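First chain written, first letter: the chains are A, B, C and D, and each begins at residue 1.
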Amino acid sequence: MTHTDEHPLPFWRKYVFSTDHKVIGIQYAVTGLSFLLFGFGLMMLMRWQLAYPGQPLPFIGHLFHEKAMVMGIMLPEFYNQLGAMHGTIMVFLGVVPLAVGGFGNYLVPLQIGAPDMAFPKLNMMSYWVYFLGGVTMFASFFLPEGAAQSGWTSYSPLANIATTGQTVWLVGMIFLITSSLLGSVNFIVTIVQLRADGLSFFRFPFFVWAQFVTSFLLLLAFPPLEAAGVLQLMDRLAHTSFFMPSGLVVAGKVLEVSGGGNPLLWQHLFWFLAHPEVYVLILPAMGIVTEILACNTRKPIYGYKAMVYSVIFIGFMSFIVWAHHMFLTSMGTKMSAFFQITTMIISIPSVVILTALALSLWGGSIRFNTPTLFAIAFLPMFGIGGLTGLPLGLVASDIHLHDTYYVIGHFHYVVAPGTIFALFAGIYHWFPKVTGRKMSEFLGKLHFWPSLIFTNGVFMPMFLLGLAGVSRRLYDPIQYAHAQPTQPLNVFISICAWCLGLSQIPFILNFFGSLLWGKKVDKNPWEATTLEWAAPSPPPHGNFEHLPEVYRGPYEYSVPGQRHDFWPQHMKEEN
Amino acid sequence: MEKYYGWGLPIDISTHGPEIDRLIYVIHIFMALLFIGWFSFLVLALFKFRARPGHRATYKLDHFKTPTYLEVGIALFEALLLVGFSFPLVHKVRNVFPDESQALQVRVVAEQFAWNVHYPGGDGIFGKTDIHKITPANSVGLDEKDPNAHDDIVTINQLHIPVNRPVITRLSSKDVIHSFGIPVMRIKQDVIPGQVIPVWFEAKKTGNFEIACAQLCGLGHYRMRGFFTVETEEEFTKWFVSQPPFVALPLPPVDQSIVPSPPQGEREG
Amino acid sequence: MEHASHEEIKRHVKIYIAVFVALAALTVITVAVSYLHLPLGQAVLVALAIASLKASLVALFFMHLISEKQIIFSVLSLAFIFFVVLLALPVVSS
Amino acid sequence: MCKHSKQASCFNMIRYISKPHPITGVTNAKLGTWCFLASEVMLFGGLFSAYVLLRTGAPAWPRGAEILNVPLATFNTLVLITSSVTMVMSWASLAMKEFANYRRYMGLTILLGLAFLVVKGFEYGHKFQHHHFPSTDTFYAVYFTLTGLHGLHVVGGVLLNTYFLFPGSALWKTEPEQFAGRIECAGLYWHFVDLVWIFLFPVLYLL
């Protein structure tokens, strides 16, 4: 199971089918980033149609197949594919693989002082199954009828009667679910079993806690979606009627199915996963932000224990809020009251975490480097995302706001300037560990400020659209009279979105440029305390020269009486 | 003409709507206060504790009391939003239906991509329907053998209602999930195939408005636009009698295998 | 179980045989009960009770849960809680 | 493994592969297997809950005993229970260092697993002959999906056990403790598959 460094491994074992958690982490991160970029590209295409409906896409419009665009004018089929695949790719192929697969794989063994994950081969398999899922999803665009087009939520019966792309989507999802399950088992065992001696649970860096809770969410919430996926596959391939009620008439023809199914069954099973999935997106991000803020404020995190209890509580509660996505189905008032209450309750621990992070700044000595900027921006952005969940979590206001752009604005604030900013922060922060070189601060700031401005430019106007009652997932927003006055906002959003795309160029330049020309650094350039900084940069196979022992909590910065303002976890003596 | 729509909430013409709007305003003011307060703190902290020569971080701070009180305050306010605003309003909209004899009763059958509006006609009784009788001309599948069906009126994408009179709409879908939304009415309800879901509303103001589909229902989702006309009682009656009743259709050959339609007026909880 | 002695294992084997006999007997009983044509509610109750008993026997003895460590129970109780939540799903949608 | 390599790399070894962790008291593989089974509980939980929802929502539901072959399924239940005993016996044989017995019991477990699948195949074939397919009605949809997914789990278990009977058993010579641990985990999975059937049998065939 373990490899020794005496025999150099052939290239394909070392970099392709590697069992080293760091290589797998990098593979996950690079694949995830590529999918993020791809998913972003899909969105930029959609934004053209939304800003200038029915007008030909300039320059690149004629490059598309005639089933996607005719004379550069986007067809609704293609628009719906872009919508469904943007969501799927961003969530399941971009953010989660980057946050959990990338950061989790790379950092968790390092932060707990382990030489590798508990099951390295399983880890490799997890990546390659994910890769297969990604290829499947990507390839579905090239089907004769294109990719899935029933939204990332794939509500039945629409998804049941949809084109073949939906079947491929389901197969891809089953790959991704399998990959997540393998990964989460690995994380749980690694964290529980392979901690360094002396590393008790309350000495974990918060990031490890976040990954630990996330793994349980993945482990226990994904299987019901797998069950739902199997049932929808059966519906599509074996013509069962799990989600098809009796008496359907599609396009004037009575549908020849046995009937007796329930469309809401899909929604229940889907959201049973998909709400915890929201926390799978956000918890690792909170973990990353915590690490970076502790290091760059040079002081311990305020209320670390309260944050740990909050994150555990969030994990629990996230399993009993799912039906707040279904308030406007025919749910009874008692049930909707129950889910409104749980929804309000789950907001409290998020407030606790956000407050603790903001209070951690107080009394610090804040270094405003690029990772810190992104991490700080995460706080108000996630705050907006969380606050705007409030009117959606109350049925009365949800009646008006349900399935409008308000919802889009809300969850994008959580995920885009929230989670993705945290992920950028993490990339800038741990780049020196992974490569031994620092990223450019100048390009980093050139990346940060436009990104901050333009993400807000994209998502803030969506709240106005939502209040105006504009439905989401509209191919052509100006068909409705009530959506016409907001059309200038759509143009504004689209321009901001394209500028946001341009703002990522400094990052890409920085990423590749720093690989080659970045300033070389030693093992602990940020003077941080957690265990990953005790390993060489980049860490060799097996990570540590000696398995470290842990003597104190994760964030012992500026301890009075110490010579240095940081006291690493593994240092026995005074620093 | 009066401006119905803009960059925020559209005009509100329903009796229950002002309460929804009030809740939306209250929440947004609460959100804004919370955010501004919190954000000011953030900016202050960032400025005050920036790294600079001679400044060192403090290892341990005293326990902050205010945030704990604030969090308790937030929790209490959320409880107030639930008990004071959301629960009663939802109860009113979902559970307390107006008297059926007073209200206008109408069925709305959604399909890809239109709203079929079915009025019971002069007798006030909906005719039986059967999915096997659905044709382009008979879009809800009315059974011509049922005498109650003869005076029924079916329109496509035209929902006319009288002002100041409650309307009970029974929603059903032929194919996929749609969502019946009238922005100016502050009403929205997912239409789930296999179920009949009643909603009610009452307009306070006349005018020409829209029904929008809020749930992705396929390629034509973006153009599943219905016209929602609120008229005075006289105008409504005039429009109503001008509509051709179902019996005008030629009778198709008799078919013995009639599948009973789902019971009408059944409340789904 | 890792360091069980030879004698201990022999005692375990006897338990395994006893559990097997119990499982077989319970299988016969549950089939026999089904021929009584009890009303649905009672039939469900009896069948699920017998199935739960059988499942407990398998889990406790064949899967060694009877002498398992705390950490395993922690994972299983989490799964059990959310399993119960899942089973409440039909109630939610009714 | 440590003794085959240089001392230095021992620091980099993954710990608790064959010996239990001093605090948790379990090996990595055992905890991992139980985590996996926890997720399996949720998978079948989702399907069971779908079944309950569809059945309670249906105007009428056939009694399984009237349209399915109860004697055959009872026989299959007994086959699976027996295979669980042989599985646990194969582990006990390893714990008593009786490798020959291990092979005997493991072989028997595999054969019983195959027997279960063959009987299941006949049952399916019989249904197909009478034109009962998953698309026939919701009962058959549930029946085929649940038993089919369970059948796939049995296939997986048979493959896993076959691996441990032949190539995988080489580990016994070098790392007997680790191998016994692996067989215990394979057993946990196999018993879980049995456990699922213990619920499927009354739910589908008797009620």
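Everything below uses one rule, namely that a contact is a pair of C-beta atoms (placed from the backbone, for glycine too) under 8 Å apart; a residue touches a chain by one contact, two chains touch by 3 or more.
In this text, all values refer to a predicted model and were calculated from it rather than measured experimentally.
Counting C-beta pairs in contact across C-D and across A-B gives the higher total for A-B. Our note on geometry: chain B versus chain D, Cα centroid distance of 49 Å, whole angstroms.
Inter-chain centre distance (chain C to chain D, centres taken as mean C-alpha positions): 15 Å.
Once the centre of each chain is set as its mean CA position, chain A and chain B turn out to be 32 Å apart. Within chain C, contacts with two or more other chains are made by residues 71, 75, 78-79, 82, 86, 89, 93-94. Counting partner chains per residue, chain B has residues 269 touching two or more of them.
Chain contacts: chain D has residues 24, 26, 31, 35, 38-39, 41-42, 45-46, 53, 57 touching two or more partner chains.
With chains as nodes and touching pairs as edges, the resulting graph is of another kind, matching none of line, ring, star or complete.
Interface residues of chain C, counted against chain D in their complex, comprise 1-2, 4, 6, 9-10, 12-13, 16-17, 19-20, 23-24, 27-28, 30-31, 33-34, 40, 43-44, 47-48, 50-51, 54-55, 58-59, 61-64, 69-72, 75-76, 78-80, 82-83, 86-87, 89-90, 93-94.
On the chain D side of its complex with chain A, the touching residues are 1, 5-6, 9, 11-17, 21, 24, 26, 28, 31-32, 35-36, 38-47, 50, 53-54, 57-58, 133-138, 141, 144-145, 149. Chain A contributes residues 1-2, 4-6, 114-116, 118-120, 122, 181, 184-186, 188-189, 192-194, 219-228, 230-231, 234, 238-242, 257-258, 260-262, 265, 268-269, 272, 541-547 to its touches with chain D in the complex.
Residues 71, 75, 78-79, 82, 85-86, 89, 92-94 of chain C are the ones touching chain A in the complex. Against chain C, the residues of chain D that register as touching in their complex are 19-20, 24-27, 30-31, 34-35, 38-39, 41-42, 45-46, 48-49, 52-53, 56-57, 65, 70, 74, 77-78, 81-82, 84-85, 87-89, 92, 95-96, 177, 181, 184, 187-188, 191-192, 194-195, 198-199, 201-203, 206-207.
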